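Both complexes below contain subunit A, partnered by subunit B and then by subunit C.
After this line comes the complex of A and B, so read on.
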């Protein structure tokens, strides 16, 4: 199709926008069923304990209690990754963090459910707990999971690419630095919520999930029900960011209670429970060693990471590999090696959070790179441009780079702040910093191995002139339903308003793997495009046959088909559908998307490959108060190469939101635990999500590199756009006051301490040497 | 149970509430007005914001009984039939809505701001919405939407006068 776009690239109003601004949108917690019960979960008060026994008899006897469940009701292990199925719906045998789920009750109201929880007697044998990841690596006497062979090491990964030794050998300058990036958590404004209903031996679960398909599989496994007797529906969802990206205890607990009680059961987490559920950013201890030539060209990189995984596997093995695999861009690294370790500790499990796996190493590397540039007297922008990767290349670990707009991201973001005129020349206390980044557009492999499409869409055009897209993709607020409507509309030629989207319902929509790894626009977009093409082709063939013209001469615009007969005819879209329906029944199209085979031949090569990569560069301007240590971000310019902006305001919204999330975890958000393992700040008062007063207007720049395989050239924009913001801010702090901060989040106290150390002339962490 | 009488979205209502029942619970559970969201139940997030006599309040911190004799407006009471309130329209047109969970509270807070101050500065807008957390948008488009609504209302007011 070589025609101008009708809708792509222009603002499209959100598919379900009116429902969301009028309060009509139904989120899971808004749903009610007749006879519905309230479910509540009893949680462990201990960080690590064996469960000797659980006595639920008093709770069961309480009037108004309809069901009580413990781990014994479904002792089947699950976990989002097949390599680490180490969780149970409710604890079996042991609890591993303060807040671990032990039992659940369903009662006629919340007060009764809470009273029932207080009547459950659990006999615990308290065990020593581990909170420090270094301790977890060596404590053989304390095993959080019996299966770990060495101490509490869940997994190690070591890979090497190219001749690393020779790379360091040819370097003129080598620098080593250590960094620590603390935990952050998703903090979506909608708490998790699930409503389960058992009827005729069939389970229906309405739930706030990013991954209906994976949840469907695990509900079937854990509840021991055939998959065709389980239905997962995702209603409107109030933000995920990775926190709703895997099967979670409340989804199983509500289902078990509904089965036991024979009544619908809804569990909605309190805000504190949302914090305990976590699955957020891994705390990561990191070491970098980089060799460069005199002119700043990188010759070799070695990286080490220690991931504090918390109590369960979650997405951790993938996080572990991503931490290493995603450092080979957006700069050309000719030789590279990494050693990564993930350990268990007695804290809530860490998992995937926006920008998954790459965020912490990106922070460290971009600051490390600025330090190298500073040591060599090279401008930070220049060292990045010098090493920037290009389109049509392969990284040393065999990642295939198709489209790449990294250079343009760097140049345009720098130009926007007048980098050359202003960097290093602002009054003391003010500074500019730049950083780059890149990210996957979906993983090349599914989470469980299978040869099927990663995303599927089915589209039907009916005689009312409406087009309906059926797709498993899960709109978590990012706007994937709007994207599907837009792609279908543009492909077929109708207006987006005439497209209805039915999504994320395992009974009625074909499988899409879910909203994670920034895969939806690329993969579901491609599947939807293929399905829409089929519909379009059927319609045009029918019209061409009816009117004796060639398909190539037909065009669908708005709600009409233009037929170049003489005199020309205009058919309504509905009339065209009827012509096709007469000839072949319902006008349906289906399409799927599978990434090309991308993984290298080495073990571990499955994590990192993606059909495309987004690129980005952020420039931050900060003001540092040297009296109080407070850092304010005055400007944050966020350039992001998203291939093509299908719906520019939605794309800008993703970039702006990601940049602010990065800003939050740089300066404000602390997800820490007190000595006995309790969460230090399980509320939105204490866990400081940025408010409107904490952030500037973000200045997004959308760079369009037109990916050859993306739908209309589009790539991801929701996750990669977080990566550069953290190091851009940290680098700007150096420009403002001359201190390097190797730990984030950055407190005012840390700034003051670094300023005092600088004044005293003490040596900082890390060092370089000329070779 | 206490019987409470108040005006809800312009209509007189009478409802029985438990002692200690919050306005948020009464709105969601007794009236089925689920547009008012519960994000934290602690007064930290702003998702449950409603207008009490035109002022934004956190309905999770207001007892239902305290609504006695007052006027309550929820997100469901802001539009007139199909016609959106200018603030709702501006949020849509600017792309200021993502997941939408903060949106009802944010829209009502912005509405109260514009009622009191029809032409706010960006700082005034940010200060007004600083009690309403949004985790999706980064606030940039929300501030633009409030400004746009102010401009639209201003233009409407001027047209009305002429």
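After this line comes the complex of A and C, so read on.
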């Protein structure tokens, strides 16, 4: 596109902004249908048990109860990954964590439904439970899933690239460190909610989902209904972050109950149930070994991770591979190997959470890198610049790097805080830390194998002058509807306000794989751009023909088409549409996007490749209270290379949100369990998401590297910006008070303990050796 | 969503009507702002037959500050206390404590009486019905043992009110009305005597008895302050808190009162600290030794975020910082 942009790069008002801030947006729980019932789920009180029998007769007999369901109503296994379909709508045979779904009821009101739950008698044979991943690796006598061959190991992955041995041989200095990153959960403001309705043998499910398409497929499978008899609609949604990124028990339970009762059934989770549903950040035990030359250039890296997956597969196999595959950037790593293991434990399943898979290793690696720099007397910024990857390269594990603004991210964020003048020179208790990161813009492969487009869009311009985009993309609050309107508007030339978006409805919108892996702007944006070009071409061809001018001389601006006849003519956009409609019927365009074939030839190569990568660097400034151990983040400068900022305020919001989430995971949020398996803090009072007072002004810096394949050059900006924030804060704590924290989240107690250890001169964790 | 259990709402328009309503219905509970009670009812911790809404009783809304001290009705909202100019200047600890409760929306709704009568808290108790059942309950609710200290015979749930330590440091007396001896009965006691070091019993309130108001002595020469240690800068209950009040006369500390909150099932008067301070010249070494003693009478158990040891350490840090701040600032 050579012409100047009309809308891109300028603030565009959110498509659904007014509705959201005025309370008019209809979330799933706001929806009501005549005759609607309330559904509730009975959950396991045991961390691990066999179900001997379930007696629902008393519940069924309770007046007001219209349906009761158990696992036997739909004993078809599912799971977001075809390699780990290990879940059931409701438990079949076994329960695996405190809160596992056992049965469900639909009743005329909530109180009746709850009473009915208490009347269901479940006979459990309680089994020993495992909560520790190291124990899970070796306990053969306790099998959380019978299918695992060795103890409770779900899956192992080991890959090696380049000559790792030679790389370490070449190193002047080698350092090894261990880290632990604890669990975190998404904590979206909107609890999960689903409303199911059966009519004429057809199921419609309104539900808070990030993945209508995958859900559509699994509803069809589990309910044994042809796909054309299932419709999934995603109403306004209040935050996903990965927690609504896969088919979930309430979606099946509401559907089964609606089918059984013949009435619409709505299930909305309580806050506690949101915590139990989880699918959040895996606790990860990690080891790093890195070899460097004297000047800090990396020669080799070896990584090991142990993922505590909780009770089910979820996205875990992908998390497992990401944990290893995403360490080969944003620094040049000439030789690399990793060994990763995911085990089952009797806790809620872990899955994908913002920054999926890369967040924990990024924390460890960036702190590890700072330790190496410190050992060698190199400035942390300098060691990063020295190793920074460049555009137009390939990583050792064959990831193709197109655009790359990493160096600029480092330089600009450092400059913003006067790094050179201030780092290491602030008064005691204050410090600066820097860290980098990178992330995918969508996965190169779909979750289930198929050769079709990952994203599709259909656009129609009608004679009222309106443009409508139909796309399966699921706006989960990140603003993808606005993005679609903007891309269509810019491509055609009309204003974004005149574009209507119909999205995330499997009956009316073409498939988009969903809002995960930061894929929507890149992939749905490209599909939408292609569809919009078709519409534009048809319009301009018709106008050109009608007025005997050449297409190249025509321009659509706002709601008008400029025709360079003499005297020049201005057609309204609607007139142009009519000219095209007269010539060829409805003015439609369609487009799709499939990533190029990117995966390497090795086994496991499918996880990691992406058509583009975002890059980022954060600098944190912190203040540590050495008497209380409290850490306050005073500043967080977040530079992010997003290719191009289509709508800058929206992009800044994403960068800020990701940075805040990272800050929360670093200092406040603990997703832990008491020793019998109950969630320690299943409420927003006790699970400490930072409040506005705990967060400094985030200072986003948008770096535009203009990706050659992204829509108008854009890449992702929703997830990547979480990666650097955790290690930037941890590295800043070192600068402030001289302690390295190898475990996150960081409690004030841990800070005090590390300070005391430092004072006592005790041996530090991790070690380096000169070779 | 979580549902409230069924109950009947009674809305009396005077204190005596409220007391009668409570006397007539043994299963009734009083409610003021409801910010504590309604949450607990959703958790299935209480299932009163009736809720008697006290907010309609004008007698409970009085707030007066004068030469003879201050009187604050039980239904006075925390935000009103926080913003009251005379409380701000004369009874700073109370104003600071009210400002430290939860968050501004909850301060607009929560009352002083509710804060004084706040239920005690514990990880194993403030959970949903499902959660507690799955564990088998605990002494305080539906269970055979204390989950936090299984060997103990009593409940150690924490009393986490913010205003109470401040009120006690300021020498507050509480007036109770009604109860089994008739709606006309009335008694007044020093606030520290209102509480019982037992997570279940909590206080001396008799069935049907209400807190009517609190009275603070005159504030002449009074220096006071409140410090709260919590994880986040808003919303969270205290993990520990310290309130201090004293006068400085002829260069010496007089009538020092120090209360520690959230470290036991009742507020704790730090008598040893008070003794060190009493009559002393304000010097830095003194502050340190006084602060060291502030946890002498507290032995928290692991039923809140933060280990007991850390919370005790924080009590000492908060106490020293508060003493230092008060002495440096001097009288207003």
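Operating definition for what follows: the second predicted complex is superposed on the first by the 770 of 771 C-alpha atoms of A that agree within 3 Å, B and C clash if a C-alpha of one lies under 4 Å from a C-alpha of the other, contacts with A are read in each partner's own complex, and residues count from 1 in each chain.
Keep this in mind: contacts are C-beta pairs under 8 Å (C-beta built on N, C-alpha and C of every residue); 3 or more make two chains touch, one makes a residue touch a chain.
Since the model is a prediction, treat every value here as computed from it, not as a measurement.
Once the two complexes are overlaid on the shared chain, A:676 sits against subunit C while remaining clear of subunit B. When both complexes are overlaid on chain A, the residue A:561 reaches neither subunit B nor subunit C. Of the two partner chains placed by superposition, A:171 touches none, neither subunit B nor subunit C. In the superposed pair of complexes, A:98 makes contact with subunit C only, with no contact to subunit B.
Judged by the touch definition given at the top, the superposed model places A:69 against neither subunit B nor subunit C.
When both complexes are overlaid on chain A, the residue A:746 reaches neither subunit B nor subunit C. When subunit A is checked against subunit B and against subunit C, the one touching more of its residues turns out to be B. When both complexes are overlaid on chain A, the residue A:373 reaches neither subunit B nor subunit C. Touch criterion met: A:691 reaches subunit B and subunit C at once. In the superposition on chain A, A:270 makes contact with both subunit B and subunit C. Comparing the two interfaces of subunit A, the one with subunit B and the one with subunit C have residues 29, 268, 270-271, 685, 691-693 in common.
Residues 1-3, 5-6, 103, 123-124, 126-128, 130-131, 133-135, 229, 231-236, 305-307, 310, 313-314, 317 of subunit C touch subunit A in their complex.
Taken together, the subunit B residues at the contact with subunit A in this complex read 28, 32-42, 44-45, 47, 74-76, 78-79, 84, 88-89, 91-104, 107, 122, 125-127, 129-143. By the touch criterion given at the top, residues 29, 43-46, 98, 110-111, 114, 268, 270-272, 627-628, 668, 674, 676, 678-682, 685-686, 688, 690-694, 747-749, 752 of subunit A touch subunit C in their complex.
Within the complex formed with subunit B, the subunit A residues making contact are 11, 13-14, 16-27, 29-30, 32, 186-191, 236-239, 241, 268, 270-271, 476-479, 649-650, 652-653, 656-661, 683-685, 689, 691-693, 695, 697-698.
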